[in-house]
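What follows is chain A paired twice: with chain B in the first complex and chain C in the second.
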Partner chain A sequence: MSTTIATQVSGAGTVSEKKPNKYVGKSPLQLSILRLRRNRLAMVSFWILMVYVVISIAGNFNVFGLRTAAMEFSLDNRYVAPFQTWQHIFGTDNFGRDVFARVIMGTRVSLFLGAAAGLLMVPLAIAIGSLSGYYGGFVDDIMMYVMSVVVAIPALLIIMSLVQIMGRTFFIIALAFAVTGWVGLARVIRGSFMQAREYEYVLAARCLGAGDARIIFKHIMPNLFHFVIVRFVLNYVGVIKSEVLLAYLGLSVIGVPSWGNMIDESKLELMANNWQNMIAATLFMFVFLVALNIFGDSLRDALDPKLKNVINRVEN
Partner chain B sequence: MADTAAGAPLLDVRGLKTYFHTEEGLVRAVDDVSFSVSSSEVLGLVGESGCGKSVTAFSILDLIPVPPGRIEGGEILFRGKDLLKTESHERRRISGNHISMIFQEPMTALNPVMMVGSQITEVLKLHTLLDSHDRWEKAIEMIAKVGISEPRKTAKSYPHELSGGMRQRIMIAMALVCDPDILIADEPTTALDVTIQAQILELIKAMQRETSAAVILITHDLAVIAETVNRVIVMYAGKIVESGDVKTIFTEPKHPYTQGLLKSIPVLGEPGKLLESIKGRVPNLIDLPPGCHFANRCPFARERCFEEHPRLVEVDSDEHEVRCNLYYD
Partner chain C sequence: MINYIIRRLLNLIPIILGVAMVFFLIFNVIGGQEKYLYNLLPAKSRTAEQIDFYRSKYGLDRPFFVQYFDLVKQMVTFDFGKSETRKLPVSTLIKRHVPNSAKLTFPAFFFEIVISLTLASLAAYYRGSWLDRSLTVISVIGMSIPMLVLIMLGQQFLAYRLGLFPISGWVRGIGAVRYLVLPWILWCLVSIGYDIRFFRTTLLEEAHKDYVRTAKAKGLGSRTIMVRHILRNGMIPILTYVVMEIPFLLTGALLLERFFSIPGIGDLMVNSIASYDYPVLKATILVYTLFFVGFMLITDILYALVDPRVRLS
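Then we have the complex of A and B:
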């Protein structure tokens, strides 16, 4: 008798254990990810972006002879029209190089450039924004002055001169984008630090004996990561678009195919009614940027749900 | 830290002056405030908003925002050592370990992106040599001590999952985890509803009895003062206007301001009686009148009160001090 009761009780226990509330004990970041995963459009964009990441990694190695097809001249095969042969599904360009292989190789450059520029930009913005906002006063005055100067010079001018002087290499171009792109994020971080240093949990940390570095990195910075993530994504969009502009000016990465280089080359080919280079690069870039933009917006909504409600209220 | 000589106060604040240099002018937020706290004493600091209670506490813990604020004078002696003259790293070792604080707003006093357990271990990390496992166990023990059921589960939750009362309990656990000698509670119950207020006060009292820490309780709620503290300091416009034993203050208040405060407490069981209030407003701290700061609201104000700033004088017993022209010539 007693055993049956015991099994019943334990059975009831397992039933309630089977449905744990998945929102309990989750950090704000984990909750944001849960919110993001409920957004179908965001998840579709996310998987599109993942496909691009795979493509760009593939472009880095000579998979299926991609690299050879993209780089080798074969002047007998100039301007093969697209969708004519399986071997050159997007056709070939001015020098007989396979457009499909080139567009995939170009994905690599654009994606890595965006990532590298972001990874260089974020630490710079965090360092300057946090110092300026946390210490205020004299430090803030100097940093704000630097920011004003950087903003006052047209970004393109800085990028062009840096690339001209230091060379058209991948790293220098990424650095040039970082040098011009950090001010916006630094300003946001500065403002948030100014607010946060008055918050009671920061005062509490201080009065419990935490030092400045600990307060900046452990107590305030994790609260601002949503700004950093969103700004990183939006910066990515900007860098990819700017790369095209830079290529058009003849200043993009030298010697390897990139979306910008392909569009740049197509300006001559278009006159001969050969549009495959232009369309392929633009299409790849368009899909990527749309996905990135949608994902970035959803990410912002998921990370900062209050903001979304405000926008909805304003729109209604 | 050997125990101090018998009778010597644990914390001795002497002539503390904390001023804020604002665009409108100099604000004397705390002006020549002196008091002392001995171990296992509960001291109440009362006064209305903006009278300098919190700034006094912030000065003790070095939390004054440095521009515009500045401590212009005075000494804060902790076990005979002047905190205002110690190096900042030394001071950080003292605050949190020997002096700690509970804040007014439990909603903002915990970091929203850290598990509450980790926030408690943070303190231990700074002040003890315990390894991470022991720190976590100690945090859980502390959470259990402040009366939260399921401490293991609570330690892993984030502030947004806890109610105001629970957050305040976590704050208390955080403040007491290193066994401080002095606990400063800055309006710990203001943001909570009345039933939770009583629980939190009871908890602070229980913890105080257990650890025999000294407590400085800052509040504007006289009911809280009456049932919790041993000694009261009444502040007005940055100055101490009356101080003494809690019984003396409540039975025979001397300063007209204290009298006004006590008259404005509603009494249960006396319906239909109009509640008295103190007329007028606190003077702007930027340009204080030369005389008594309370003179413009004082029912007993004489001509002398508008000209001469009163001294703090002893009345009746040696513990009872009043800053009022009525009590000396």
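Then we have the complex of A and C:
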């Protein structure tokens, strides 16, 4: 409030005497973003991630003929060594396809797979976690039972069987990751809902006549959002690493280059000293995962609502 | 205490029924069994009678309700019939492969936990030193390189280029250790990153608690506090984490078994996926699941032994 008045006054022509405090009148989300922006390492990793996003979006279109270079066989150019020509900066693979183009295209598959799996997983986890935590009782018992069953079977085995049976398409793989990945987040949300439903603010909202849906989504859920984002990031890391494993088992997305497919193809090329496929894919994945890990950690620190007061005290 | 154990064991029954339901959904409803069946019969020459014969042999012509209980019966008696591609009973195959997996898994798991716990407590004790910082860097690197790459590089350099270890192979009996050393080392490299990071955080969290300040105020040396107080109290979250990690370790074992041709359960499983051998696939998944559930049960019982409050809830 005070900030808006101050700007209005200064806008009218008078000089405001006190420098306005930049933390007053900000929503918690804006404060988190401020905190995040002051963390230099986090910002560096954020921009690295943005570069990857741009690369993966560009992979959808045939920018600079990359898609053609990644898919087209040219058997005269097998195993061109890296850094020899500008045309094949990372060299070529067994079928004469450009490794650089393939690694760019692979970025697209891995990034979209992680995002799709996360976007399918989060609503499922929120629905199940909030219902079972908020209502408790019979609903909770059933949900807990489902969770303990899903957890009992190692996730990768379910994913492998599902993909094997339903086919190696992008959507099926994302779905398989989502079906097995929701339990962790749902547990966290359930626990927090069980605590939150006893708090005074929920009671107050109920006294004002708020319905269950309003309390769940407008009052409790915003407090848990940092869990969702952090889990999303962790899930992302897990999906990208598991994709390599699926590729080794011959169960990754069919017909397009992905990081996993490239690493899998390279296993026979190493004997003949052809490292370009493996090193390119591993390097791209390594940079991405390090950036994602660092950014996820800083995001967790920045989004935690309990830290809000600390920063205010320091800045004032 | 015995009461508690019995209660926990009874809890397993609904879990097993639920696992059977998941198997049922995957293999019978979504259609794994049908796919298996069509894969058995060559597409060109199969006749309607043959399909009917196999459908009734595997019980696919019966109602879903009956199929589900068939599956439960198979799981309880561990009788998954005969593998059509290997011409052997599934239980024989499992019996033959499980000990080899155990030879790979248990020593590696043990070494890895001991090493990473030691390093993590050193890192927590000498916090901020060069040791701590280099361990952090190592664990970040270890976490960001996929397992497959580490295994491939390890086999390529240590076994193929330098010839320190045999590339792959297997013999019966004690001689197999020769072939197991490199997989054990690689196992440690793969999982040490996560473990050091988690153990260090847990120990540091413990180190900030009030009882540590009390111990310090009493005049205990910092080494005594680390060993007798922090490590002991940190064991509970560490134990939970180690058990929760087991399914991920299983996938690691699967890759190692493939690369070093160890005839274990993971090897069997990958082969059964490639050849659509669903009876074997089901049995291997069940073995993994039982292994995992069994470990969870053991930790729960250990908790109850350590902490009497658990028993009452």
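One rule holds for everything that comes next: the second predicted complex is superposed on the first by the 286 of 316 C-alpha atoms of A that agree within 3 Å, B and C clash if a C-alpha of one lies under 4 Å from a C-alpha of the other, contacts with A are read in each partner's own complex, and residues count from 1 in each chain.
As a convention for this text, a contact is a pair of C-beta atoms (placed from the backbone, for glycine too) under 8 Å apart; a residue touches a chain by one contact, two chains touch by 3 or more.
Only a predicted model underlies this, so the values are computations on that prediction, with no experimental measurement involved.
K.L.:
Both complexes share chain A, so when I overlay them there, do chain B and chain C fit or clash?
P.N.:
Once chain A is superposed (C-alpha atoms), there is room for both chain B and chain C without a clash.
K.L.:
Residues of chain A touched by chain B versus by chain C: which partner has the larger set?
P.N.:
Chain A has more residues touched by C than by the other partner.
K.L.:
Would you sort A:Ser27 into first (chain B), second (chain C), both or neither based on which partner it touches?
P.N.:
first
K.L.:
Under the stated touch criterion, which partner chain does A:Ile263 make contact with: chain B (first), chain C (second), both, or neither?
P.N.:
A:Ile263: touches chain C, not chain B.
K.L.:
Mind working out whether A:Gly136 is in touch with chain B, chain C, both or neither, as first, second, both or neither?
P.N.:
Only chain B; A:Gly136 stays clear of chain C.
K.L.:
Considering only touches as defined above, state whether A:Arg37 meets chain B (first), chain C (second), both or neither.
P.N.:
neither
K.L.:
State whether A:Leu157 touches chain B only (first), chain C only (second), both chains, or neither.
P.N.:
After superposing on A, A:Leu157 lies in contact with chain C but is clear of chain B.
K.L.:
Minimum Cα separation, chain B versus chain C, post-superposition (Å)?
P.N.:
10
K.L.:
Show me the residue ranges of chain B that touch chain A in the complex, using the header's touch definition.
P.N.:
That would be residues 58, 61-63, 65, 67, 89, 92-97, 99-101, 103-105, 108-115, 122-123, 126-127, 153, 156-158, 160-161, 171, 174-175 of chain B.
K.L.:
Using the touch definition from the top, list the residues of chain A that touch chain C in their complex.
P.N.:
Checking each residue of chain A against chain C gives 145-146, 148-150, 152-158, 160-162, 164-166, 241, 244-245, 248-251, 263-264, 266-267, 270-271, 278, 282, 285-286, 289-290, 293.
K.L.:
In the complex of these two chains, what residues of chain C are touching chain A?
P.N.:
14-15, 18-19, 21-22, 26-27, 30-32, 35, 140-141, 143-149, 152, 156, 160, 247-248, 250-251, 255, 258, 269-270, 273-274, 276, 281, 285, 288-289, 292-293, 296
K.L.:
Please name which positions on chain A make contact with chain B in the complex.
P.N.:
24-29, 136-137, 197-201, 203-211, 214, 218-219, 222-223
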